[in-house]
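This is the structure I want to talk about, given as structure tokens.
A, B, C, D and E label the chains in the order they appear, each numbered from 1.
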Amino acid sequence: MSHGYAGGLGRRRLFARTAPPRLPVIESVNLCVNQGDFVAIVGPSGCGKTTLIRILAGLVRPDSGEVLDCRAPVTGAHHNRSLVFQHPHLFPWLTVEQNIAFGPRHRGIDRGDYQPLVEELLALVGLESFRDALPQQLSGGMKQRVALARALANRPHILLLDEPLGALDALTRERMQEELRTLWRRTGCTVVLITHSVEEALYLANRLIVLSARPARILTEIAVTFSTNGHASSGREVKSSHEFLTVREQVLEHIWSE
Amino acid sequence: ATAGGGRERELTRVVIGYQAIPNGELVAKQLGWHEETLGVPVHWVQFNSGSELNAAVTAGSVDLGLGGSSTTVVAIAQGVPARVIWIHNIIGENEALVVRRGSDIRTVGDLRGRTVAAPFGATTHYHLLTALELAGVNPGDLRVLDMPPPEMLAAWLRGDIDAGFVWEPTLAAMLEADGRVLISSGELAAQGFLTGDIGIARTGFLERHPDIVVQYLRNQMRAVAMIRTEPDRAAAAIAAELSLDPVEARRQMDSLVFLDAIEQLSDAYLGRERAPGGLADVFLETGHFLAEQDTIQRAPDRARVEAFLAPEFLQRAVQQ
Amino acid sequence: MDRARYRALSVASVLVLGFAWWLFTHLNLVEPLFVPSPRAVLESFIAVTVRGYRGVTLFEHLAHSMMRVLTGFLLAVVTAVPLGILMGRHRAVRAIFDPLIELYRPLPPLAYYTLLIVWMGIEDSSKIALLYLAAFPPLAISSMAAVQRIPEHRIECARCLGVRGFGLLRTVVFPSALPGIFTGLRVAIGFTYTTLVSSEIVAAVNGIGWLVLDAGRFLRTDLIFVGIITMAATGLLLDRLIRLLEALVVPWSEE
Amino acid sequence: MDRARYRALSVASVLVLGFAWWLFTHLNLVEPLFVPSPRAVLESFIAVTVRGYRGVTLFEHLAHSMMRVLTGFLLAVVTAVPLGILMGRHRAVRAIFDPLIELYRPLPPLAYYTLLIVWMGIEDSSKIALLYLAAFPPLAISSMAAVQRIPEHRIECARCLGVRGFGLLRTVVFPSALPGIFTGLRVAIGFTYTTLVSSEIVAAVNGIGWLVLDAGRFLRTDLIFVGIITMAATGLLLDRLIRLLEALVVPWSEE
Amino acid sequence: MSHGYAGGLGRRRLFARTAPPRLPVIESVNLCVNQGDFVAIVGPSGCGKTTLIRILAGLVRPDSGEVLDCRAPVTGAHHNRSLVFQHPHLFPWLTVEQNIAFGPRHRGIDRGDYQPLVEELLALVGLESFRDALPQQLSGGMKQRVALARALANRPHILLLDEPLGALDALTRERMQEELRTLWRRTGCTVVLITHSVEEALYLANRLIVLSARPARILTEIAVTFSTNGHASSGREVKSSHEFLTVREQVLEHIWSE
């Protein structure tokens, strides 16, 4: 990523270099994620979703097949591919601001180069007034927002989300969905999201991948339009629209029939 | 059973505390005389120092035992419920201050600025400080370290200490490892600073079982007699007891001074009932010394020391 | 039960013990040689504090012991904690050192003290070595365990954020393990303190442990009580100091 | 790294240590007084096993020590564990006993050994009392902590199911605390074992700790090595026995 | 409860003695639960739902006001009122069967008297083949089923459920909803359910209570018919019906407007 930091979030440039990574995984998962895609992956419990995303992140080596990021094979974890887990896993000894700045700071980047981005991210996740709070003082939803900002502070090519909202209660979860949606729309970043909730997947993603039970293969892929259309209508309106419910029904049918 | 004599336990056995000192106690032990004659089972317990014995007597778990004269004075000062009934031996050449053969330490005065080891509280510690005082040396002018004999030998071999005041068998080992005697306890005793291994009996036991004590003393007298008349037989018994070579046992035994009952009952030592002998003066002297050393709060006065001596049992043993 | 009542009950408990002690000795239920009266102990305490024992005041005795304990302990901290962290992160390091530590850990310090004297001499070095060896296993083992308890996801987060190698140890592993390391520090200081008297058994002419040993030789139970009470108080103090340090250094609590 | 390679590395580590020992003594780099050769130690070992030391074989020495350690330890288990459980459940009990335990916990056993001898005599009772006192605090404290760690919801579940009072202690609190109690058992047996030599310092004529002390008196480093190796092996064995017992008694793992 | 155990689940008798308990709680919660009711309580996070149900169970004493069970004031926990938490909190050292039998066994009831009920409950929750398994060998959903059976083994007047499905993944949760529904229908037991999911509440309960933010008071109570009607239609059909979605919309509006 060099030190081409310029200050300001630079939304365009943040994911500018994201070339389409090719991702063959598990039994026969062959997946191409394009720049600006929001890919949601659903599948039965234990089918290998987490394993898949960990392979994408470079934390696990696949036994065969390969992962390409900008045509270069993935051989290990890299700050270009940021992973956010179900639990925020913040560093409890660091303040909110220090947590967000963790990546660039410990990669030896000058404070002057990353601080503006950190400020911008603090504003983006609405935690400016909590910058000096320790994680233990935050609610679950706030923590998850910090985890998201921390991942973004590295200006990753691609954001990998493994059930990031799974541990939140229903109301907080709905709010966070709105935030994720806004984030994606505003930054145009590339996202891979794993979720248990078909509703969430349909609401947020522009592509939905349904995986089979273990060993995982792609059962079906659906192009989704709810995330890109319907700018005006509220989340709950979208979710209770007839169209949405029909698609949801179809996807669930697919999973249950397995 | 607690001390103080209140409740005395039923006599099922006599507990004798002994130490690895080549004197009559070991002869009697090896030859089984107490077992034969006391009429009760005998239980032997080994102690490494008179201070441990004092604690055990206080707890009431030892009936008869022996400790150095210094620790006996501690017993007097601290009110250990016991009496002196016997002098096992006077310390002679078996405790000595050793320096290196090649060293320039010629007199006790030369010890200034050196490191000297002695087991604190033991007779050698007393004698070391006495020797320093006689030579006009302030103990603050040298480093006096507290060290049990085995560690002293290790320190000696490593060259960590310049001198050590110690007893057999460590004494022999240190002499062998390039040591020579600067001054011995025998020489100090000749100047009037007597040390010895003192036999004590627990008060509660003395009161309830005087006959056993008398028989015990008769066995001690017999041991001294054997040491005098058949030294090789006595040395053989000691050798067996200490896993020593008989010649070495004889050498160590001969470095002690033994007193028979008559000598002990003379004015110089235990004296007679209501006419305490010179041992009381030795104890008084030692007591003042220990009090100066800060180890006991108050030196025992003459009345207390004299009350601690119980020659009457030895008198009865002689009469029988 | 609220904090205030808890405190009150605790203080009462210690006071009752003290009162029982006073009563026992006051009614002459036990001989002074067995249990000296509080008054006698207090007098000895003042005497030792002001005039000293064998020419050394109580405070100096304590200072000598503390110097030994803290030197041994700190040496152990700077060696055992890094080793423990490495053992927690790298199975190979663990495979090599774990059996060695497990073998010597149950050994009574007095068992190898003669060897230490033979090897290192009679000066403070062998005493400090004994205390060092006492502090080492609890520190190494608890640091190792603390590192192993770190959620793997946290490490993965850090790797995804671009830190690796020594940077990972420094920025994530060490701070994550700190609470566990502090638990180890407390166990280790207790253990080290417990070894103090053993270490002063040879060639010491000062130190609070030696004072108690020497008092034991002369059946000075009043002095033994003075020594024990001093040791209990300072042992507790050391423990509280580490807790205080922990509160300062580890202000966060694990989620 | 898989289990087999881990094992291999561990064994290699111990073997390298043994080889270094052999090499050092073989090349006469150290005096036999400082470090005896493996051969000399083996010969002593055989001699002590077959002919005995001071008329008592190694096995008998060990048996005497084990009897003392296990008696003290078991007495501590049956008293400290129930007290710890009560301290964990009732703040009042904790308020009363916690300060007393905290006060005597840091005390070196040798510090109060003279008092124990004066109070209890020189027979095994004072030795066992010393070992008992060493085992007590870790057992009580870890049982207490184990009870405090029980999720409050589990207790509430049980109360909603209709158990209360002593039944609650027996059916829910005790089993829930068992894993923590076992951790305490392991810490306590280690601590007790570490106190063994101190306990055999006075008026013992047998016991493995006494053997080492007595060997030290005669600078028999070969015998000291025999004693130390025997103690390391048996200490490890005791620890493994408790782990085995734990695996039998606590087959479940906490969620 | 005396030893009136007769064997067999005795569904009628199980809740036969449930008189309407009156429950004034928190700020001003005045609630009457009738025999056979399935009351669902929803409300914002932290509003006091858990506190309320713990007061009902007798685990917490209210500062003022009282709880009546069959006209008798509740003074402590009692096996007549069984509480199931979000996490199953099984006893890990007991097998499935022993966990279920825990209550009657430790209340000193003869094994012969409670064993038939335990058998029946094992069958009810479909875990007969796992009777000798330890909890650690079960999945999350199976554990929660055991927790439910354990609560029922006491033949409680009333079953108190505090987000019992909150920790389960979406698919398992849906299955467990079906089971709870079946259980209630088959046994006719009295249930108080706390949940974050309005959908779940509407689907399962016959009365829905909406609480305000702390201090809790009852915002509204809605009589629900989805649980009693629609026997035939599948869960997902019910949940995507227009009627259902309208009611859900109303309730969420209520909560969001707070």
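We adopt the following convention: a contact is a pair of C-beta atoms (placed from the backbone, for glycine too) under 8 Å apart; a residue touches a chain by one contact, two chains touch by 3 or more.
No experiment lies behind these values; they were computed from the predicted model shown.
Asks: Between chain A and chain C, which partner chains are common?
Replies: Touches both chain A and chain C: nothing.
Asks: Note down the smallest number of touching-chain steps it takes to go from chain A to chain B.
Replies: Shortest path length, in steps: 2.
Asks: When I count C-beta pairs in contact, which pair ends up with more: D-E or B-C?
Replies: B-C
Asks: Determine, using the mean of C-alpha atoms as each chain's centre, which chain is farthest from chain D.
Replies: Centre of mass proxy via C-alpha means gives A as farthest from chain D.
Asks: Between chain A and chain D, tell me the centre distance in angstrom, where each centre is the average of that chain's C-alpha atoms.
Replies: 52
Asks: Please report how many Å separate the Cα centroid of chain B from that of chain C, as a whole number.
Replies: Roughly 38 Å separates the two chain centres.
Asks: Using mean C-alpha positions as chain centres, tell me how far chain B is from chain D in Å, no decimals.
Replies: Centre-to-centre distance between chain B and chain D: 37 Å.
Asks: Could you check chain B for residues that touch two or more other chains and list them?
Replies: Answer for chain B, listing residues that touch two or more other chains: 55, 58, 148, 150-151, 154, 157.
Asks: Chain E: which residues touch two or more other chains?
Replies: Within chain E, no residue touches at least two other chains.
Asks: Residues of chain D that touch two or more other chains: which are they?
Replies: In chain D, residues 33, 114, 118-119, 216, 219 touch at least two other chains, as defined above.
Asks: Take each protein chain as a node, join two nodes whenever their chains touch, and name the resulting shape: line, ring, star, complete or other.
Replies: Its topology fits none of the listed shapes; call it other.
Asks: Can you work out from the touch definition every pair of chains that touches here?
Replies: According to the stated criterion, the contacting chain pairs are A-C, A-E, B-C, B-D, C-D, D-E.
Asks: Where on chain D does chain C make contact in their complex?
Replies: Answer in residue numbers: 1, 5-7, 9-14, 17, 33-34, 91-92, 94-100, 102-115, 118-119, 190, 193-198, 201, 209, 212-213, 215-216, 219, 221, 224, 227-228, 231-232, 235-236, 238-239.
Asks: Where on chain B is chain D touching in the complex?
Replies: The touching residues are 17, 45-48, 52, 55-56, 58-62, 148-151, 153-154, 157, 169, 173, 243.
Asks: Within the complex, which stretch of chain C touches chain B?
Replies: Listed in rising order, the residues are 31-34, 44, 52-55, 114, 117-118, 121-123, 201-205, 210, 214, 216-220.
Asks: Give the list of chain A residues in touch with chain E in this complex.
Replies: 44-45, 166, 169-172, 196-198, 236, 240, 245, 248-249, 252, 255
Asks: Which stretch or stretches of chain C touch chain A in the complex?
Replies: 151, 153-154, 156-164, 167, 171-172, 175-176, 178, 250-255
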